[in-house]
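In what comes next, chain A is part of two complexes: it sits with chain B in the first one and with chain C in the second one.
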Partner chain A sequence: GPLCDITKPGNQRCSPNELFIAGVIKQERFPAFEKVLWRLFHGNFVLRHAEMQATEELQAVRGAVKKDVFIIFVQGDHVREKIRKVCEGFRASLYSCPKTLYEPKQMSTSVMTQMEDLRMILRRTEEYRAGVLTRAAEHVQEWGSKVKKMKAIYYTLNLCNIDITQKLIVAEIWCPVSDLTLVQSALIKGSEQSGSSVTPVLNRIQTQQTPPTFNRTNTFTEGFQAIIDAYGVGTYQEINPASYTIVTFPFLFAVMFGDCGHGLVMTLFAVWVTSQAESLRKWKNELTDVVIGGRYIILLMGMFSIYTGLIYNDCFSKSFNIFGSSWCVLSMFHPHGPWQNETLHEYHHLQLNPFVPGVYSGDPYVFGIDPVWNIASNKLSFLNSFKMKMSVILGVSHMLFGVALSLVNFDIFLQFVPQLIFMLSLFGYLIFLILYKWCITLRSETAPSILLLFINMMLFDYQSEHVLLYRGQVWIHAPLKAVLYSWLFRKDHFICFLLQVSMGDIFVYQAIHTIEFCLGCISNTASYLRLWALSLAHAELSEVLWRMVLQVGLKISSGMGSLMLVVLFAAFAVLTVTVLLIMEGLSAFLHALRLHWVEFQNKFYEGSGYKFTPLSFDSLLKTQQ
Partner chain B sequence: MVSHSLALPMICFTTLWGLVGVVAPFFVPKGPNRGVIITSLVLTAVCCYLFWLVAILAQTNPLFGPQLKNETIWYLRYFWE
Partner chain C sequence: MASLLFCGPKLAACGLVLSIWGVIMLAMLGIFFTTHSAVLIEDVPFTEKDMEDGPTALQNIYKLYNQVGYNCFIAAAIYVGIGFLSFCQIHLNKRKEYLVH
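Moving on, here comes the complex of A and B:
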């Protein structure tokens, strides 16, 4: 008889003895399914199964899950429920099997048409979704900024108070005094544009609170103000070091970076960033934001580096000989000097003697370091002495400038004058000695060392064997020492006399402060020696790159030499940019910044204020992610 | 070896940086940035002049000369003035 279909419950036409069930089950579950069926029906059934060919769509939807299609032939009508339960337990989907040959074709066509319809619906929905998203994408930026602005406005409104009559809002604001008229006109304009009848009223009130600090900046100065504020925002109405930092910071950077070739590259980079600032901002990377924010700082750093590079006579570790060297080798030979032609064969290195007439012209190289030092093997002996003294001179000048600025902040006599006298008598004298020793002519064997001279002065040590730097030196040292040692005690007497308080406390306090200031001065001056250290490191790195990379390439004499030179130049360029420009640049930046923050600013800067942050849509939208 | 006097560069550069640091501030146009520009000009003149001065003074009275390789000496003997 016709086979019965158990998926249609209540089918009376089927013969109760023959049942078949067809369905689909996951391949991994099939063995367990088969086992359960064996246990249930004790082998009184026929089970056939085949692996389903995975179609593309199935794989896309469900992943590569293998399924088996099975068909079971079994006898007995009570069996129906059991099998259905088993199939449910194994999550097999049962399907009705068509009886005639024609029906499978019909079923498959209907399923295919259904699938086509569904596919078309999916496609249409996707297109519609893409259309909606594209239209929204044009506006989403605008919506985002609108939402930000509205949020900021509501936050600011939340800071106001509502009047008792529930009709007015009262706001207490900080406002720059010079902008009061601007604010008034803006209020009037706002009330006109919104069409309200009542103009907002602006009253100036007295307060005990400390106002926020507001330093007006433009696009050029805001970078420098930012690096000062990073250490501490100035106290209200304190002197602002940012205006001086505009020049002194790039200058101190350049003293440590001093290479006109590298400085030129840095300047060109900064010019490019400045011209492309708006389009570069779109990258919205933290690193690019920092570089763009500091583009004027980098520009000034580069320009000063070109200048200091020209003075150090260092361009990618090579020197220029523009004006002609002051040293003459010819005069060392006979008849003027001691050398013969044979001397060159005997000795590998020979030193020029400036005291042989004609060797040194008597006048120094006009602009910067003489080019002969670049090819000398004792170059560092000269440069170290020069750079060390230069660092001390620049450092003491910078700190004296800082002490002079404290005049504006604090009272004159109690702090400024004693500090000034101390610094001038100690370090001013040191600088005088340096300059004096440079300006006079000495025999090198008897030239006294400034360092020993200084130490002996402080220790009251004068033995007749020591050669003095100038006549009457003893008579200068005595009053200097008197000034220095008496400085320790001057403050206490003055304050005691004024305040008529107990001497003990004041004495201890002043002693501590004095010792702190002395040690601080000495350590701060020594700290400026980093100007020497970093410029030495930069010059040495530069020379290593030349000697080990580019010079090797230029010396190759074989035929492949030009190709090797291209490769070596690429390596030279990459190393110059990464090591010398980026790494050394960051290092010099950091050290110049430290010198400003610590050694310069601790002479006068308090930095205990808070910043004036008005509601500004510009800065709000600039920081959006 | 070229002989230049010390006085000529001294006068030249002192006048140059004097112009930048002392005279130029009078010609800065009035505006909100006048103070910053004047400060920058003066500080630039002072820093650059001081740096140049230190470099030239350090070389006026040398206590020792450069030590050169014999090949370098041979080259310099014939090719430098």
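Moving on, here comes the complex of A and C:
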């Protein structure tokens, strides 16, 4: 049993005629304790004390606190009570001391047995707890997902109404029209499985609210739909640009990325991710989820990059000569051409003249850029001109396509036709000039610049010294300008005539809108020049990487060359992947996306809808894990 | 046997991918150098002396081309070795996974 605490009143085991009081007190308090007792009782008591031997166990439990055990022999109840109060004040613990020799031994054995029992109970409890937790841990994942599902179901049910009889639920739902029979059969199946007697009723009702937007996607198209929805979910029943984005987005990316070596690496990576998609999902990293979600986008981007890489004739910054170059350097020498042996020693740079017979075969290279340009020092001035004009052509075509789509959306002839006429007369003519200049043969010293041509057209400047690009140019320019300027005023007159309102208001509004559209068109076309800029940056980075890393190893002709080549190739590969594939890839991705979101979609897309989000356990469990 | 394993599964996989890429690319470069492709002229370490007028000027350049080509082939062979090593490491790593600890 527990030790008798004498300070507790009403304890049956302690008799009032106890001869002594025994207890334990902290050693540092003992002198003060003794002094107080002497002052109070003037020596009418006997006090003996001894230092307690601290056992290892006690030290572990209580710390290195020194305690003294004391015993006070005293007569008289009042005095005893006072002494007990003093002991309380000094926080000494009092214990009843057994009178015979046998009792302490008995007490200590009983205390020991108690301790053993408690220890065993603790151990057993801990083992039991560990067992319960381990068994529960096997199920906790399952329980967690069950709880999530149940929560989601109850949340969805809470969105419904209870009808008057309190027995049925009335739910107003959005549902795709083509799926109505599917929903009906699912309701019936559900009611059969739960064994209810009432069959659910599905009615179609009219509403003024705008329904949510639902675009059916499969695993291939959902990536492209996601990047369109990231900018704005389409308004209800609006045309969905995602289907065209499947082709135009990877294509514009590839125009900026154009390298068939890098494209091949990207394609192989995407093929690997696609084949391993399920096992890669287990990594549950946010970055890998993004890559897995966009695996088909990356695959298409890689495939299109191989195509544009073949057109730019660029593979890790080197060109392929598959079909035979159309340029022949040998024909520049005697007897065909002007060069002699001394010419080579005199000049550092020599230019091939296509008008010397035999230098240019007359037929352009079959597919893509001629490989001779890869080793020409004026490669960039040729490629820049080519890429810039290509960007303008692609940009104007893309935007014209966007304007054409707006016809499907709004079919307002007042807006669509004037926009189209403006764009075609200005930018369409520019594209015609570019294509025409590419097709005819010109001497480079006397070739007219398209830019100057355009400026002169706008300024009505026709000095006879200027070389015209084609005969009858003057006669084409005049009506074009007439069309352009007249477009500015046509809309206003028409609208005023229709609405019979004051000219001033409409005029101002139309003027603002006109200026906005004009400037917008020009700035958007200029924005497409990023296709040129990024492709130039990629080509130059690729060339610098080859020249500064791999070429160093190739140029060592001794035996050590192969070892250096091994090391340098590893560096080349790592830098290609990190700088050219990841960094440039992300950059080109971003710019292609911007071109779609801003320059293309502002011609027709409203994007002010909200998405149709039915309750789906898959997406619920995926997002919360 | 345990000491033969010196890299983790990810490093070994990277090594294998790098080796496959290295073998293919260096072998193709070697082929293009030994067939004296003109596009690779800037990677060949010729000097002014090699281009001096003479009957052997062209042969000098071709010899240099071949040298670089052989270097590429040797490097490709070294990468075959590295690839084999990485493959062994992957194998050992997989085996370690299946062992009961």
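Note that the second predicted complex is superposed on the first by the 486 of 625 C-alpha atoms of A that agree within 3 Å, B and C clash if a C-alpha of one lies under 4 Å from a C-alpha of the other, contacts with A are read in each partner's own complex, and residues count from 1 in each chain.
Simple rule for what comes next: contacts are C-beta pairs under 8 Å (C-beta built on N, C-alpha and C of every residue); 3 or more make two chains touch, one makes a residue touch a chain.
Please read all numbers here as calculations on a predicted model, not as lab measurements.
Which term applies to chain B and chain C once both are placed on chain A by superposition, clash or fit?
Once chain A is superposed (C-alpha atoms), there is room for both chain B and chain C without a clash.
Touching A:566, do we find chain B (first), chain C (second), both, or neither?
So A:566 only meets chain C here.
Pick one for A:218: touches chain B only (first), chain C only (second), both, or neither.
Only chain B; A:218 stays clear of chain C.
Let me test your reading of the model: by the given contact rule, A:288 touches which partner, first (chain B), second (chain C), both or neither?
Touch status of A:288: no partner.
Applying the document's definition of touching, compare chain B and chain C: which contacts more of chain A?
Greater contact footprint in residues on chain A: B.
Touching A:375, do we find chain B (first), chain C (second), both, or neither?
Both partners, chain B and chain C.
Touch check for A:361: first (chain B), second (chain C), both, or neither?
A:361 contacts chain B only, not chain C.
Does the superposition put A:274 against chain B (first), chain C (second), both, or neither?
Touch status of A:274: no partner.
Between chain B (first) and chain C (second), which does A:318 come into contact with in this model arrangement: first, second, both, or neither?
So A:318 only meets chain C here.
For A:447, select first, second, both or neither according to whether it touches chain B, chain C, the two together, or no partner.
first
Does the superposition put A:556 against chain B (first), chain C (second), both, or neither?
Touch status of A:556: second partner only.
Quick check on the superposed model: minimum Cα to Cα separation from chain B to chain C, whole Å please.
Between chain B and chain C, the minimum C-alpha distance equals 7 Å.
On chain A, which stretch or stretches are contacted by chain B in one complex as well as by chain C in the other?
In chain A, positions 375 sit in both the chain B and chain C interfaces.
Can you list the chain B residues touching chain A in their complex?
The touching residues are 1-6, 9, 32-33, 35-36, 39-40, 43-44, 47-48, 50-52, 54-70, 72-74, 76-77, 80-81.
Write out the stretch or stretches of chain A touching chain C in their complex.
265, 316, 318-321, 341, 371, 374-375, 547, 550-551, 554-557, 561-563, 565-566, 569-570, 573
So in the complex, which bits of chain C are touching chain A?
The touching residues are 18, 21-22, 25-26, 29, 37-45, 53, 64, 67-68, 71-72, 74-75, 78-79, 82.
List the residues on chain A that touch chain B in their complex, please.
Going through chain A, the ones touching chain B are 216, 218, 221, 243-244, 246-248, 251, 255, 307-308, 311, 323-333, 344-345, 347-354, 358-370, 372-373, 375-379, 381-382, 385-386, 389-390, 393-394, 397, 435, 438-442, 444, 447.
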